[in-house]
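What follows is a pair of complexes built around chain A, which joins chain B in one and chain C in the other.
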Partner chain A sequence: MDIIVENAATPAGDPVAVLKLEGELDASSYVELIERARELTQAGASRLLLDLSGLLYMGSAGLFALHSVAMLLRGQAPPDPELGYGALHDAEDLDETISELKLLNPQAQVDRVLERTGMKRFFEVHTDRSTALAAF
Partner chain B sequence: MMSAMGDVPALAGQAQRLEIQADVGQLAAVRAFVRDGAASLGAPPRAVGDLVQAVDESVANIILHGYRAGPGQVIVEVGRAGPKLVVRLLDNAPAFDPTALPAPDLSLPLLRRRPGGLGVFLVRELTDEVHYRRTAQGNELTLVKSCFDDEEEG
Partner chain C sequence: MAGRLEEELRVARDIQLSLLPACPVAPGYTFDAKYLAAREMSGDFYDFLYHALPEGRLELVIGDVTGKGVPAALMMAHSRAVLRSEARRAESPAQLLMSANQVLTEDRLARLFLSALYARLDITSGLVTFANAGHDLPLLIRRGARSAVELDAPGVILGAFRRIELSDFSVRLEPGDTLIFYTDGVTEARDPEGRLFGDERLAQAALAGAAGAAATDVTLAVLDAVTGFMRGAPRSDDITLVVIQRTAA
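Coming up: the complex of A and B.
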């Protein structure tokens, strides 16, 4: 999977990092997404838009990555996938919707996975980039 | 939805077979093998897509949880048993029964959930039957999608 990062902005001028995912997001590649999001959040990014139009496949490892990226945007440490989830504890005062992370143009298979697993409750899914940027 | 009841469908002798090293870098090859094999049997595209994902999730679990990311082999067989599209996964890892794992609580807010656990959920959602058995040779996981008309059996 390739990840192309582009700097964009909301209509009000607030920065948004757009990550275009190309290829297949599976158990061999999901760590790349988490690490790229970690670099961006450590550099100050607080809004991420994932452009999924070039993503041909997403497995549950990709859902794990989305979950981890959401945690990073909330200032939480995601679990180390190598170590398991034992150290994870509940955070407080969390909204249901993760407004800092939005999804753009998932293809059919990816869309079905998001739907089946209830992830669409937590992430806005947009089909138009301008609309997505304006929704932050 | 998954059903672990009933007999494990017997694969006919012409099942296609792929052996891989237990490495997540092999998952793309596994998906391609299942996609091509199921398509060559004439399975409908939607059923093929569902089974490809169920196999991807299952093989990733074998590699990461069965072999614990250590060395090993996984054999993938694709075939047809009457109206059923069948994939059989064989490995020599310690006993690992994904059908025994609890389902995740999808009603919880995302950040109150523990990440992970959705792979086995998806396997159950995307297949019509899942059978696990421990044999003298190791683990045997059979994933079934009922997607052929009986009249087409042959």
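Coming up: the complex of A and C.
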């Protein structure tokens, strides 16, 4: 999977990092997305728009990545599935709609996974980039 | 030291495998379940619970813990115990999964996600009531049908969000009908060129197997198709299949 990062802004001028995902987000690539989001949040990013128009496939590991990115945006350490339980104890649960992370233009398969897993209740999904940016 | 670690991992894997039960026996049905482990420890599981068989009801769950390695395997064992415990008091599959979600998000062990599908089969009527927490949708193949139908049953994955609402869905199995549950290790299996096995190949293989006389024909047809497709490529995720077939009258 390739991740292309671009700086954008809301209509009010607040910065938004746009991450365009290309390829497949699955068990072999989801850590890349979490790591890229970690770098961006450590550099101060607080709003992320994931452009999914180039994402051909998303498996359940992708859901884990979305959840982890949302936690990073809230200043929480996401669980690390590779490190064991010692790293997993202190994370907080996410409860309501996640406003800091929005999704743009998922293709049919990805949209179906988001729908099937109930993720659309927690993540806003937009089909138009300017509308998505204005929604932050 | 490495030898001891390997030995301990091997024992852990054996314990994990021992948690997978034998298939039930009930008149008018055949059942089969197959599990192929990934190279690394992983978190797929299935389970059967019985209530007053042969005429009563059978419950089954198929689950997949997101993540890999020992944490996923521990979470798998923990999830199975939570689901078994909640199954004793829950009125419906949706209630059961929502209660399990509460336990999994409240106790601090469970920091990984669990996709799970829980189904109750009334042996006499063939009615299957099920709820889905972010798991792959089951496939229904009616007797003599030319295509498999995906049963649409959305629901939020467990362990991620504290408050979730899930719904019960139902389908009646008539004689000759087949119901297939699987984990994404099936559809995400890759060939040496990196292509995915995918939904369509799964449906075609299941359809061919469903023309046989028993649930085993379906699991074998799908596993043959998956392993043939992979041509020896390494398995990065567990592959799990559970099939119920109502015997043709």
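Note that the second predicted complex is superposed on the first by the 124 of 136 C-alpha atoms of A that agree within 3 Å, B and C clash if a C-alpha of one lies under 4 Å from a C-alpha of the other, contacts with A are read in each partner's own complex, and residues count from 1 in each chain.
One rule holds for everything that comes next: contacts are C-beta pairs under 8 Å (C-beta built on N, C-alpha and C of every residue); 3 or more make two chains touch, one makes a residue touch a chain.
The structure presented is a predicted model; accordingly, all values stated were derived computationally and were not measured.
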item	value
Contacts of A:71 with chain B and chain C, given as first, second, both or neither	first
First (chain B), second (chain C), both or neither touched by A:59	both
Chain B versus chain C as contact partner of A:27, first or second or both or neither	both
Which superposed partner A:115 touches (first chain B, second chain C, both, neither)	second
On chain A, the residue positions that both chain B and chain C contact, one per complex	24, 26-28, 57, 59-61, 63-64, 67, 79, 81, 85, 88, 91, 94-95, 116-119, 121-122
Chain A to chain B touching residues, read off their complex	24, 26-28, 57, 59-61, 63-64, 67-68, 70-71, 74, 76, 78-79, 81, 85, 88, 90-91, 94-96, 98, 109, 113, 116-119, 121-122
Touching residues on chain C, where the partner in the complex is chain A	64, 66-72, 74, 105, 108-109, 111-113, 115, 132, 134, 137, 154-157, 160-164, 184, 188, 196, 236-237
Touching residues on chain A, where the partner in the complex is chain C	24, 26-28, 57, 59-61, 63-64, 67, 79, 81-85, 88-89, 91, 93-95, 115-119, 121-122
List of chain B residues in touch with chain A within their complex	24-25, 27-28, 31, 49, 53, 56-57, 60, 63-64, 106, 109-116, 118-119, 121-122, 125
